[in-house]
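In structure tokens below, several structures.
After this come two complexes, each holding chain A, first together with chain B and then together with chain C.
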Partner chain A sequence: MSALVKIITRDFVRAARSAGSWAYGLVFMAIFLSLSAIALDGDMTVLRQMGVPLIWLAVTFAALMSVDHAFSEDLRDGTTGQLWLSGVSYLSQSTSGILSFALIQLCPLVLTAPLWSLLFDLSGPTVWGLIIALLCALPGLAAFTALAGALTGPRGKGGFLAIFISAPMLVPILIFGMAASDAFLMRGIAAVEFRALFGLSLLALAVSIPATAAALAANTDR
Partner chain B sequence: MNILSNIGKLISYLANPTRFLRFSRFATPISGWSALVLISVGLIISLFISPPAVEHGQAVRIMYVHVPAAWCAMAAYTGIAIASLVSFVWRHNLADLVAKSLALPGAAFTFLALVTGSLWGRPAWGTWWQWDGRMTSVLVLLFIYIGYMAIWNIVSDRRQAARLAAILAMVGWLNIPIIKFSVNWWNTLHQPATISEPGAPGLPLELLTPLLLMFLGYTALLAWFALRGTEAELATLKRQRKAQSAPAKITIEDVPS
Partner chain C sequence: MKSATLTLKDVDIVRGSRTLVSGLNLTLSGPKLLWVEGGNGIGKTSLLRTCAGLSRPAAGRITWSVQETTLSAPETVTFLPADSYAKSGLEAGEDAAFWGADLETVDMLIHAKTPSEKLSTGQAKRLSFAKMLATQKPIWILDEPLAGLDKSGRDMVAHHLRAHVLSGGLALVASHAPISVRDVPTQRLVLT
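== the complex of A and B ==
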């Protein structure tokens, strides 16, 4: 437990010292959403319909683009192996990596959703549905992205490979995420789609933690 | 139980490259030639002899290419997942090579299934593409293949690549039911299974014969791809090893005076 907390604290400190590179995902999201709105000709009736799916896509792609922050730095400079030698198992390294990736990279993306929804003139309940659905999807999104990061390891090329690898796993999350965002308007938080989405997220977490640990082990010993 | 233990014995017997090559020396030509014969006969029957179907007309002939391709697409991925498990858990020597050589044919069969399905969809449903459950999940299967091949592509060390690719294949395999469920729940248009389910309408014999021939032919072709690919990988490894273990040669050239 203490190793877990220490690694997460270290990740926060490192993010604070990284001269803002933790925020690249946010910048990507801002650019992606503005360009989408411009490509859609700024037509508010269209934008209002496209807002929720576009923000979902932006969050997903921003997460994949920032996958290099998950494990590749540690694998590149040998920290993963050093931690393992000093008795921190791969399992706790993968758990703490996924947690800090979710907290540092993904939470800002989700929590700024109200700001982005201004670009698309979304109504209040729509924004609430969007945020709650994104929060439900957050563990799954973090788990699959981090797994892709651990698999590509030190060879990550700006998240391109992560997109190839995790695209199939993200399909169910996108499907249920969109469904949950829509269902909120009619049935609120009690809608069954939210439970399905959160269940999916937890399943993703359960599969990804050991798989990420195995990938870290495979990437460390040669 | 007896069958299982025999399969286990066969798998561990084939872990030795020399024994595998002894096995593949006759298994490869058998599967290759039977694929050629079965597919040729199946093509002749399906294109010229079998009658057009009542509902679909001549377009039914696409089925003889489409259905076996879709079957092989799934069979190849199941093969990859099983070989990955065997390679990851028991560090089997050759299972990773089998998995690797199944990936490209599997992706090609998936692509073929998608293209022929699209060609069939036009006359049958009046649309080239529809985001329905089965089509989407086959498309996702193609993405899974691409990700799997990407891992083999970027990792240069063979053992490391094998382990990473095996992890991805196993996670992908666990995800297949979830993807299938989510996509089906999302939207469904594709016709339900015709042959395999009890009580399903079934096919008349003159349509079933060419389909079964193509089915067996495609499966033999897939087996040929797996065996031949593994042989090729083994040959490459052997050549690399030979280059590494060769004695160092130094040529002393004449020193210009």
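== the complex of A and C ==
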């Protein structure tokens, strides 16, 4: 079994036994969206208009809140260094960490978006547009938030620092993501905004994988 | 086992504003055991981590070679840290399997189903030792391998160290407790 598959399988097993890690983002999202709906006074016209942007914000904030689950424990207990010594390069660890983070922390947020859309009475096509745009943005969201996790390193609990590091990088994804969600209603999946969003997401991956590997190497040297 | 050599040339190790090691020159070839001694905070762990390639020296050069062929640290070195890296959420057997380790080598088979976070200090140390044994590298670097172990655990470590060195391996051991392994050529390095 390749090291990449072994690390992701290990992370899945641990996540399945410790719901707290991946449910944290979901709970945050539920609270954020419920409070937002209450704050908007339950006015359905306003809620329908605000639903998509609020769900995008909730996913982004929930991803940032989960930053501590990317790399910090492996860096803290020395597993990152041990993996390197056993022949798993920092680049492989970076790739597997980003994949694990996307699948365990972010996928539940995207997959539950239809549930949260009920709060805002969003139409079927709007929900489809939102989900497809979120899926296109998923690699970029995972790449930038995991990079922030690797940069904050073994200290963990780097919440605010991680937000300061990754928020500027997430802004373009948020802008293109919102645009793609809206464009779906007019031009469907063929809308150019989806290609731009997916391209941005892949670019984020291409930049973040080596940058995360460098951050892991730097944080192991202590 | 092929003979391995660890060479330190003019190595400086600095942590923060403190210089822990200055201008260290050392050439070690197996079969040999180097016992690194020194008080708390003197720089034993930093020296071992540097020898393992996990930290870079502030100055100087470290090379690892097997039969005169220079290799990288991951190709030659295995490192036993002082602290456990047992993973919470995994059973000891699963944790060992992840690293390709066999719990039987450290008399831990009966604890295979014990959650890693519930292992005692000594059991966690045995698990780390099993992971280290699985790597089958020619250079062993061990940081406080006896800490937390009972008599049978200490005997087990001594047994494996002896077998490793007598088969031509090289071992660097930092320990506050005396390291005495029968029939094994031992050198002392005292950090002051």
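The rule is simple: the second predicted complex is superposed on the first by the 218 of 222 C-alpha atoms of A that agree within 3 Å, B and C clash if a C-alpha of one lies under 4 Å from a C-alpha of the other, contacts with A are read in each partner's own complex, and residues count from 1 in each chain.
The rule is short, and it goes like this: a contact is a pair of C-beta atoms (placed from the backbone, for glycine too) under 8 Å apart; a residue touches a chain by one contact, two chains touch by 3 or more.
This one's a predicted model, so the numbers in the text were calculated from it and none came from an experiment.
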Request  = Assess the superposed three-chain arrangement around chain A: do chain B and chain C clash, or do they fit?
outcome  = fit
Request  = For A:175, select first, second, both or neither according to whether it touches chain B, chain C, the two together, or no partner.
outcome  = first
Message = Looking at A:77 after the superposition, I want to know if it touches chain B, chain C, both of them or none. Which is it: first, second, both, neither?
response = second
Query = In the superposed model, does chain B or chain C contact more residues of chain A?
reply = B
Inquiry  = Just checking: does A:208 make contact with chain B only, chain C only, both, or neither of them? Give me first, second, both or neither.
reply    = first
Task = State whether A:218 touches chain B only (first), chain C only (second), both chains, or neither.
result = first
Request  = Would you sort A:57 into first (chain B), second (chain C), both or neither based on which partner it touches?
outcome  = neither
Query = Does the superposition put A:152 against chain B (first), chain C (second), both, or neither?
reply = first
Message = Taking CA centres after the superposition, what's the angle at chain A between the directions to chain B and chain C, given in steps of 10 degrees?
response = 80
Query = Between chain B (first) and chain C (second), which, if any, makes contact with A:161: first, second, both or neither?
reply = first
Query = Just how close are chain B and chain C at their nearest CA atoms in the overlay, in Å?
reply = 5
Inquiry  = By the touch definition above, which chain A residues appear in both interfaces, chain B in one complex and chain C in the other?
reply    = 222
Residues of chain A touching chain B in the complex = 147, 151-153, 155, 161, 164-169, 171-172, 175-176, 179, 200, 203, 207-208, 211, 214-215, 218-219, 222
Inquiry  = For a test of understanding, state which residues of chain B touch chain A in their complex under the given definition.
reply    = 88, 136, 140-141, 143-144, 146-147, 150-151, 154-155, 157, 159-160, 163-164, 167-168, 170-172, 174-175, 178-179, 181-183, 185-186
Key: Interface residues, chain A side, partner chain C - complex   = 6, 10, 13-15, 17-18, 77-79, 81-82, 84-87, 220-222
Query = For the complex, which residues does chain C have touching chain A?
reply = 52-56, 73-75, 77-79, 81, 83-85, 87-90, 94, 98-99, 131, 135
